[in-house]
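Labels A, B, C and D are assigned to the chains in the order they are written; within every chain, residues are numbered from 1.
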Amino acid sequence: MANSQYEYVKAFEQPDILLPNTWVVVRIDGRGFTKMCTKYAFEKPNDRRALDLMNAAAKAVMAELPDITIAYGISDEYSFVFHKGCTLFERRASKLVSTVVSTFTAYYVFNWATYFPDTPLTAPLPSFDGRAVCYPSVRNLQDYMRWRQVDCHINNLYNTAFWSLIQIGGKDNREAEKQLSGTVAADKHEILFKECSINYNNEPEIYKKGSTIFRDYELVEPGTFNAQDEGDTFPEPAQQSKTQAEKEKKRRGKAAIVVHHLDIIKDEFWNRRPWLLTNKPGKVPKET
Amino acid sequence: MANSQYEYVKAFEQPDILLPNTWVVVRIDGRGFTKMCTKYAFEKPNDRRALDLMNAAAKAVMAELPDITIAYGISDEYSFVFHKGCTLFERRASKLVSTVVSTFTAYYVFNWATYFPDTPLTAPLPSFDGRAVCYPSVRNLQDYMRWRQVDCHINNLYNTAFWSLIQIGGKDNREAEKQLSGTVAADKHEILFKECSINYNNEPEIYKKGSTIFRDYELVEPGTFNAQDEGDTFPEPAQQSKTQAEKEKKRRGKAAIVVHHLDIIKDEFWNRRPWLLTNKPGKVPKET
Amino acid sequence: MANSQYEYVKAFEQPDILLPNTWVVVRIDGRGFTKMCTKYAFEKPNDRRALDLMNAAAKAVMAELPDITIAYGISDEYSFVFHKGCTLFERRASKLVSTVVSTFTAYYVFNWATYFPDTPLTAPLPSFDGRAVCYPSVRNLQDYMRWRQVDCHINNLYNTAFWSLIQIGGKDNREAEKQLSGTVAADKHEILFKECSINYNNEPEIYKKGSTIFRDYELVEPGTFNAQDEGDTFPEPAQQSKTQAEKEKKRRGKAAIVVHHLDIIKDEFWNRRPWLLTNKPGKVPKET
Amino acid sequence: MANSQYEYVKAFEQPDILLPNTWVVVRIDGRGFTKMCTKYAFEKPNDRRALDLMNAAAKAVMAELPDITIAYGISDEYSFVFHKGCTLFERRASKLVSTVVSTFTAYYVFNWATYFPDTPLTAPLPSFDGRAVCYPSVRNLQDYMRWRQVDCHINNLYNTAFWSLIQIGGKDNREAEKQLSGTVAADKHEILFKECSINYNNEPEIYKKGSTIFRDYELVEPGTFNAQDEGDTFPEPAQQSKTQAEKEKKRRGKAAIVVHHLDIIKDEFWNRRPWLLTNKPGKVPKET
C-alpha cells in the first residue's frame, strides 16, 4: 500500500532554520505559575525549594545538550544559550525550543518529589512555554543576559520590600503597594531597613542575582581575554575539523556543571571565563 | 534602576504567528525512543503499556487545551489539531508547540509509574520534540490525518510480520528482514498466516489503526453532513459573538474526551462527527 | 580556482516559501507618489492619464505572468492575485514580489511617454514597493478585494468632494477639510450636489470602482456557479495532469486581457466568472 | 460606509523583519537574460554597454538609498549591502527587496536608450528579481562579496576562453566546450595565449574583477584600521544620537558615488576604506 497519495501534505511544513553564526537563546517560562504558587503554597517572596528545583531541571538540560554554553534563571523562567556555531537539529527553531522545553519539564516533574516531599503534584501539572531568539554579536548576547539580571534585581527588591512590609510590618497588600508606589531603589532599601530591620545587601545571593549555570573550568587571569573584542572573531561555521570538534565535545562532556549566583552584568564575569564565548573547554580545576 | 539600557534586545525576538484561518497541526515525536525501548524493555512489535501511557498524556493535553478538536497517535508520535479559527496565544507557533510538548511531557513522566509500575524512570528521561504545520483546507487536513494512519498501517504490518518471524518463526533479524524485503501487503499477510498462524485482521485495532482522541457527542445521521463541502465555509475569524463562543467553550469543556481506534481515512468518520470540523459542540450522548 | 572556501555564505539565505494551497496576493504601492503628483502636476482628484498608465503596466504584468488570475488597482496601488494552485518560482515570496514589482516598474517607465507625452520623466524616477499576503479561503480572498474596493469608494468620494469644494466651490484646503470633517457618505453626496452641482453617481466608473483586470471569457448563466461554495474544493496541488495543465495554460495565453470598472463586492461578479477562481479557461467570447 | 467588515484581512499579512544588527545583502538578478542577450545582440563574452547600463542603474539605486554602503555587480546581477545598523523600512524584507528591484529596473529601462541608442527596447521588457540575505559578522559579509568576485573570475575566464576559441580560433560551440572541459585556470590561460594570442591578464579590469560601487573618501593609511577586528564592535542599534545620525547622513549624501574594478577579496580593500563598514563618512578627497 503506497502512501504517496497523501504524502503531498509534507510540503506544507515550513522551514524555520535560525540564521547561522548567531547566538541562540531559548527562554522558557512557567505557564500559569501564579496559580501554581498558590496551589502549592510557595513561600513569598522567594521559595528556595522551587528555585532549587528549577536549577536542578536546568542542570539536567545542560547535561543533555552540550551545545548550551550558559544558562540563567530567575523565578519561573530560564534562558539557555546555544553557541553561535551550534548546528544541533540544523538550527531548526521548533526542534531546539521543543527539546529544551520538554527536557526541562521532564526533570521538573520527575524531581518535584525531591524538593517538595510533602506536597505531591496533582493535575493540572506544571508546564512551560518557550521561544528562541537570535543575537548576532557577543555584545547583544551579553546585553540580553544583563537585561534578565537587571530584571531579577528590580523584581526581587520590590518583592522583598512588598512581602516584608506585609510579613514583618503587618501591612496589608494595598498598604504595601501604596507605600512602594513611586519609590526608587534607595527608598526601598531604606524602607526595608527602617521598617523591617532588613539589610537588603545581606539577602541570599540566589535571590538577588539569580542563578547562572555553566561548565566549571579554571578562571583565566584578568587581562588575558577580552570577551567583547574577541567574541565575534571566533571560528565561523565549519572552520574546525571534525576530529577537533569531537575532542572538544568530549572534554566539555567531562566538565562539572555548576550553579553560581554571580554578577553577570560586569565584563569581568565574561572576561575570566573565555569558554562561555569561545566554546573551547578550559582547564579542569584542581580538586581541593 | 532603569532597565532601558538593555531592553533593546527585546527587538530581536521575531514574530512567528501562524497564518489565520488555517488548521494547525502540532506533531510531537519521542526523542531517541529506540534507545528508550531497549532501556525499558518495551515489548515488540507493540508495547500496550507504552501506547496507553501516550494516550493518557494526549488526553490530558486535550483536556487542558480545548482549542484542540482531534488528536491522532501512533508509536511514539502524536498529532494535535487546533481548529482553524483558533486564536490561542495569538497563534504564535513557538507558544503553541512548546505548550503542547511541555504539557504532554509532564503527563508522560507523571503517569509513567501507573503504566510501568515495576520499571522506574531514570535519567536520561523521556522527552519529545514538536513542530507546527498549517493546512488551509479541510481536505488538506484530512489528508494529513490519512497520511499518518496509512503510515501506521504500513509500519505495523511490517513490524508485526518482522517480529512474528523472529518470535514465532525463530528467524534472526537478518533473515526476517531479508524475507520481507520486496514484499507487498498481501505477501506479508500470507507470511504471517502461513508461518506464524497469525491472521493480521484479528490483531488489536489499537495497533492496526492507531489512536484517535476527540470529544464524545452523538453521531449525526449519515448524509446530513458533508465534511469536505461544508468544512471550508465555516465562520471566518471573529464572526462569532463572544457570548456564543464562551457558551460553546463551556459545553466543550463538559464533553467526555474519548480514545478510539477507528478508520479515519474514510469520509464516514468525518461526516458523522461534524464537531471535529465545525468546532460546534454536538449532542451529549445519553448514558445507558 | 575553487570557490568552496566562500560558498558557505549561501547557507545564510533563508527560505521564504508561501504556504501551499493559499491565494497569493502581491500588492504594490507607489513610493512617494504624493511628491510625484506635484512634480508631474497630476490632476486632482484623479488623473486619468496616470490611471491609464497604471492599468497599462498591470496588463503587461498579467500578460507576462499567466499564473495571475485577477488584478485590481486604485490610485497608485495594484493587487495581483496568484491562483492558490500556483507553483511559480516554487512560491518563493521574494521571487514573486520582486518579479511583479520589477515588471510593473519596467512598463510604467517604458510607457510613461505614451500617457504623458509632454512631461518627460526625470530622476528620481517613479518606483514601487510590494509585499505578498496569503489567503486560505475564497471568502478571505474576496473580502480582501472587497476591502480594496470599499477603500476606493471611501477615498474617491472624499477626494471628489474635497477637490470640488476647492475647484468649483472656491474654498481653500482648510475650509474644505473642515466642511467634510465628520460627514457620512450621504452628506458628501449632498454637498457635491448642492454646492458643486455634481451628481456623484454620474462620475466615471474608473474613479468610483477602480480597475479590475482579468482574462475575457463568456459569462456563465446566473445560478450555475457558486464561487464561495465551490471555490475551496478545487483540485489540490498537483492533482492535474501535466498535459492538461499545459493545454489550459495555452488557452489562457490566448485569452484577451481586459480592464473593467465593475462592482466586485457583490457575489454576482464572482459567480458569473468561474475562471477567476477555478483557473480553468472559459469560453472565448464570439467576436461581434 | 465603514470598511470594518473586511478589514480583518489585514491580519493575514505576516511580518518579515530582518534580524537587527546584521548586514543585509539584497541581490538582484536579470530575469531571462540569456534570451535578452540574443534579442538585443549583446556582444560575447562581455557587452560593455550592458555592463555600463547595469552600473548606471546601480549608482542611481545607491544615490536614492544612502543606507547602502557598497554594491558589487557582475554580468546581470548586482548585490547591494545595507549597513547592519540600517533601520530603513523597519528592516522589512519585502520593502527593502522590492524598493531596490523597482528602483534598479526604473533606471535600467530609463537609461537603456543612452547605452543602446540604436536598439530600442520592445516588450517583453527587461526585469529583475531579488532577495535579501542577512550576514551577522563582517567576516561573513566579506566572504559573501569574495564569493561573488571569485564567481566573476571563474565565469569570465571560462567565457573569455570559450568565445575566443569560437571568434578567433574558428571553433564551433561543441568543440570549444569540449576543449575547455576539465581544464583548470592555468590551462585556460595557456589556451587563450597559444590559440588566440590573448594574454588574459591584459583583459579589461571591469570584466575580470566586476564593478564595485561606493562613496568616495580618502583612503586611510595602511595599518590604521583592521576591518575584521573592528568591524563587529561598532555601535549597536540606537547608540548614536539623532543629530549625529542626521549630520552623517548629510555628509554621506554629498560624497561622490564611484565605480571601481578592484580586488575586493584582499583585506587591503576593506582596511583602507573604513567607511564601508563603520558607515562613518571619511574625508572628502581633495580635487586635483
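Going forward, a contact is a pair of C-beta atoms (placed from the backbone, for glycine too) under 8 Å apart; a residue touches a chain by one contact, two chains touch by 3 or more.
This one's a predicted model, so the numbers in the text were calculated from it and none came from an experiment.
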| item | value |
| --- | --- |
| Minimum number of chain-to-chain touching steps separating chain A from chain C | 1 |
| Degree value of the rotation bringing chain A onto chain D, based on Cα positions, nearest 5 | 180 |
| Farthest-lying chain, centroid of Cα atoms versus that of chain D | B |
| Centre distance in Å when chain B and chain C are each reduced to the mean of their C-alpha atoms | 43 |
| Interchain centroid distance [CA atoms averaged], chain C/chain D, Å | 32 |
| Averaged-CA centre spacing for the pair chain D and chain B, given as whole angstrom | 50 |
| Sites on chain A at which at least two other chains make contact | 8, 12, 14, 19-21, 134, 140, 143, 236 |
| Complex interface listing, chain A residues touching chain C | 8, 11-12, 14-15, 17, 19-21, 236-238 |
| In the complex, chain C residues that touch chain B | 19-22, 84, 134, 136-137, 139-140, 143, 228-229, 232-233, 236 |
| Complex interface listing, chain D residues touching chain C | 1, 3, 5-10, 12-14, 16, 28, 31, 60, 64, 89, 92-95, 97-99, 101-110, 121, 123-135, 140, 143-144, 146-147, 150-151, 153-154, 184-185 |
